[in-house]
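Look at the two complexes coming up: subunit A is in both, with subunit B in one and subunit C in the other.
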Partner chain A sequence: METIFQLITTGFLTGIVYALMALGLSIIFGLMGLINFAHGDFVMLAMYGGFFFCHFSGLDPYFGLLVVVPLFFVLGAGIYRGLFRHLLDAPEESQIIATFGLSFVLQYGAMLFFSTEYRSVVTKYADQILSLGFLTVDFPHIFSTLIAGILLALIFVFLYFTNTGRAIRAVSEQRRGASLIGIHVQKIYTIAIGLGLSCVAFSGTALITFESVHPTIGTHFNLLCWVIVVLGGVGSLWGTVIGAIIIAEMEMIIGFFFAPVLTTFAYFVIFLAILMIRPAGLFGYVERRA
Partner chain B sequence: MKKIVKPIIIALLFSFLFTSFAIAQKNEPVKIGVILPLTGPQAPIGREVLRGIEIAADMVNDMGGIWEKRKIILVTGDASTTEAARTEAERLCTVEKVKLMIGVYSSTLAFVVHPIANKYKVTFWETNAIADRLRQLNHKYTYFFGPMASSWGELAAQCVVEMLAPKLGAKQAKDLKIAVVYQGTEWGKSLSHDGFIKRAKELGLNVVIDAPYDPNMVDFTSLILKIKQTNPDIVHTQNYLDDGYRLFRDARNNRLNPKIWIADGCPWAYVAEAFEKFGTDMNYVLDFNQVAGGNIWNLSPTTQSQYREFLERYKKKYQQNVMASSDVAIGFTSAIALFEYVLPAAGSLDPEKILEVADGIALPYTATARPGTGIKFAPPTDKQRAGQNIRAGVVARQIFNRGYYIAWPKEIAEIEPIFPIPPFGQRAIKEDEVEKRFAIPKDLLLR
Partner chain C sequence: MAKRNYFSLGLPLFALLTLMGILPILSSHHFYLHMLTLVYIFAFFSQAWNLISGFGKQFSLGHVAFFGLGAYVTGILYADYGISPWVGLLLGGVLGALLSLVIGIATFRLRAFFFTLSTIACAEALRVLITYWRLASTGLGTTIPSKPGLWNLSFETEIGYTYFAYFLLVIIVFVTARMIHTRIGFYLLATGGDEEAAMSLGINTFRIKLLVFGISGFFTAVGGGFYCMYTRYVEPSIAFNIDFSVQFAVFTIVGGIGTIAGPIIGSALLVPLSTFFRSWIGGLFTPIGYFTYGILLIVIIMFMPGGLMKGIASLSKSLRGRA
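Coming up: the complex of A and B.
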């Protein structure tokens, strides 16, 4: 029984880390309808951001949020202006090909500038464990859960209690209608992409406290994030969080009770099943963008 | 008179052209293709192998080259993915028209590259790829300098019986509980399942868990808890970089503390990054690998001086010691064996002539700077291990303070190993404590 509780707890904490990674994609895909296959590579860049901040300043990577988040907001705005803006009304195939291309550019750019070496950060709490009776939890996961909680609260407040947030939701529901009532759609999309990449900055910074970074680490994250977003439901941030926890708990169950070799296979089976049974995902709604 | 002059002029012209051609060919460099993952996740190791091959070529060229002073030039191909490997191998064979290739490091890539080399009758000198099934493809002109996966795993099982069980005070080796964890890939299955587990069963060892896993797993807690339930004395692991780091990290987080941790063929165990991440928790880990350097007292003087020169050149060129990763040494020792023992005797890059030389070669382990490794190739007619260097060896090294010390086989051991391994967080050990365990004088260690 103790092992079961340990599995559930670790699954929950891992799920929160997954949610942190997938939130940015959920915002960009859910609010704008843009298919972004370079998402995992943005996570990789954010991990490098956390690494270099720590390397040059000697401070904990979490202090780097003060630098990396604004940088990623600006990066998001720039990429929107330079690329994503032209893809919004393009066919889905064009979006897929263009963002796959962007993924390669980011990976090979990282190889060129950062080399292919594995890089990681050693924090004072990297090997610290919190024991709660029979449960053990490592501090890097505790901190990343706290960060995810703070981030979710901020996004929720921003989207539901600010005029810009309301405008983002309005544009995501009815772009033309929002435009007719005077909302500056291009500006709102710029902010939404900036917001999405700011979430990525949070996730990359949290990840670098317990993962190594290298230029191609984003490839697997990319698939994982897509499965989570589709499972949780397009356009639902809470769905993304719940989808991430479901995936992580499932990995724990498959790994422990069945075969660890089947974990990726199992969540792709779930992914396909959801697409067939409920294409909009667990908490998603049917597309009605005009 | 005119009748005589004309043929003389023609004859002179022809002889001039022929001589020019002969001179040109004599000075023409010997082009060799090197195909390795130079970008992508496997690049940290691929580039190290390349450095080793380059130093070997430089050393031969500085000695005057091969075959009447012809220099070796290396043409590289980047096998970052299987698709890239296919394209690059085709390019090297058809555009660059190389007759011999070295590489390719990964077994997955080798399954793509070796058939292409075979298709064009290009000799392939494999430095690292260890999957057994590669040998069973029966490519006539492919040679595997390093060990094959199953024999690698078999030797680790042998080590449990010969060294580890007595160290743990077990009356019989079968009293020990062994957990076997490995990637569900060709390499993992060859080494751990077909090698270690099969041999362990033959030796009567008690394998309590046989756990292949998905290398893409981000969190290994479920697997670690599963292993923990069996309370193993020995954990035998085979992994690559990302999964190796994650497995070890989650073992530490969940306090999985076996008496012996074997990292069998795991490259993460000798990448400097591992020490940055895990610090002294890396101490006492037993790393099973094909290595170069170490205990040298029984090597031939030529091999010793050659390897010393390699170490010096590497340090001078890259401002670091070879110890950072032994893959550079694997690349060097593979390539120098080819350049020194095979090509000069073959006299050309003709694959048939190379085959003839390779077939007849039989060198003892004193001839290479890889501990326990000599050279003798299985013939292409050997259905199970065609082209395999059947004298390729594997050693067990125990890690202390970023140093690797050969602990087995006993005949070439540098250190008396220390077991059981202390729990995570208690593995710091002073250097003088390590030196007390040296089985040979320190100056005999070639690093």
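Coming up: the complex of A and C.
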């Protein structure tokens, strides 16, 4: 019984970090209608950012955010201008192929520059543990959840309680309608990219404190994020958070009782099951075609 | 209806297939035949992919799931139980078709990217499942024993494999060409062109997509079985490598997506090129190859979405216009 509680707690903590990661995808997809198959590879880059910062400065990876976030904004602006902007009005399959190509470029670029070695960061608090009765939680997980949780809260406050946030949600619901009532859609896109990349940078940095990184880890994250977004419901930001927690719990439980490798198989089963039973996901809406 | 197949199985395609049939007898050099075999089998795979993803516009990035399934069914049945690969090919093909039905039923009523995503997820899921199963039983890789004979699908010389790959390619080209000119083909093209319009004409687009995806899955699995017999080795990380999915797509897109000659031209061009890349740069920098694929995908989609076939077609059109 205690083990179950332990698993659920760790799953919840990881789930918050996943939520932040998937929210980045959800925002860019929801706001801009861009199908990005390279999202996980950006997370991979952020993890490398955290690793190299830590490696060269000896400071905690979280300080690296001061470098990684600006770098990501520059990278994001470049990729947006060079690629994403041209894809916005392109058919779905073009978006899929081009971002899949981008995923390859990032993965194998990382392999060329950073080698295929698994890299991990050892923080000063890596082996410190917080005991709450029979529950024990390690500090890296606590910090990452705190930081991811704070950013999640800030994003939700921004989206639900500021005028810009309301404008953003208006665009995500109906792009044309929003532009008709005078919302500057291009400006919203810029903000969307900024928000999405911040989610990526923060979640990548949080992840590197307890997980090692290698160039092809992005494929796993791509799948993970999309399963979360579809489970929560396309277009629902709250759904994404709930979906992330469910998936993280499931990972923990399957990993413990069966085998960690089988979680990928579970993703696929869950994914097909949602699409068959409730294609709108838990909290979303979806246009059916037939 | 817009005519999308620039060459139906008319004279040019017939000539191309005949040429490809003659090529293997020209030299018995091992590497030459090996190259031809690879070109033919990849043209076959790309054509199978092209059926659903090119003509039907349902973009699969997980065709390696069928490839690996076919490879495993054929390889394991033969290596562990001594059952003829012919049985394996057929059984693998049927399982591939069934798998494609499962994915199709779940996703073909939804937005197209759900389909793409579930094909990727399916390939990954099969990879981990089979890794898990093989590690628990016999160890990861399986070597296929060689006992030459047609019944064992093993040949003493390379040319046997070359002609078998050619045989598969001819079958799929004929199937594609036949289908495109029947009602199913018209329905498929209409579905790929504008699904809502097709539905409003009373076409059951869901059924058409399922049928074509099933055919595509069947052939890809059969080809996977042959590929396994050819390389005499099967391992989850190779048989389910996403690289294969990408190659089927890249070869087709470069040659010309949604055309019959496209996959053949793309494979004839890119298979030797990528082999050359690999042997030239050596095992050290293979990521460069994939890196280039990525760039190629982006560039083609941005600047030449029709691939080479469309480029040739528009060129010949403009030449004819001038004359």
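The definition used in the following text is that the second predicted complex is superposed on the first by the 276 of 290 C-alpha atoms of A that agree within 3 Å, B and C clash if a C-alpha of one lies under 4 Å from a C-alpha of the other, contacts with A are read in each partner's own complex, and residues count from 1 in each chain.
By definition in this document, a residue touches a chain if its C-beta (ideal position, glycine included) is under 8 Å from a C-beta of that chain, and two chains touch if they have at least 3 such contacts.
Everything quoted here is computed from the prediction, not taken from an experiment.
Partners subunit B and subunit C, once the complexes are superposed on subunit A, run into each other and clash. Touch criterion met: A:S212 reaches subunit B, while subunit C stays clear of it. Using the contact criterion defined above for the overlaid structures, shared-chain residue A:L275 touches subunit C, although it does not reach subunit B. Of the two partner chains placed around the shared chain by superposition, neither subunit B nor subunit C is touched by A:F63. When both complexes are overlaid on chain A, the residue A:L102 reaches subunit C alone and has no touch with subunit B. With both structures placed on the common chain, the touch criterion links A:Y125 to neither subunit B nor subunit C. In the superposition on chain A, A:W238 makes contact with neither subunit B nor subunit C.
In the superposition on chain A, contact of A:S94 is made with subunit C only, not with subunit B. In the overlay built on the shared chain, the residue A:F12 is in contact with neither subunit B nor subunit C. Touch criterion not met for A:F114: it reaches neither subunit B nor subunit C.
Under the contact criterion defined above, the residues of subunit A that touch both subunit B in one complex and subunit C in the other are 108, 111, 259, 261-262, 264-265. Only residues 35, 83, 86, 90, 92-98, 100-109, 111-112, 219, 222-223, 226-227, 230, 259, 261-262, 264-265, 267-269, 271-272, 275-276, 279, 286-290 of subunit A touch subunit C when the two sit together in their complex. Residues 3, 6-7, 10, 14, 17-18, 108, 111, 116-120, 122, 126-127, 129, 136, 138, 210-212, 214-217, 220, 224, 248, 251-256, 259-265 of subunit A are the ones touching subunit B in the complex. Every residue of subunit B that touches subunit A in the complex is listed here, in rising order: 39-41, 43-44, 47, 184, 211-214, 216-223, 225-226, 229, 241-242, 245-246, 249, 252-255, 271, 273, 276-277, 279, 281, 424-425. Residues of subunit C that touch subunit A in their complex: 57, 59, 61, 102-103, 105-114, 116-118, 120-122, 124-125, 127-129, 131-132, 195-196, 199, 205-206, 242, 246, 249, 253, 285, 287-288, 290-291, 293-298, 301-302, 305.
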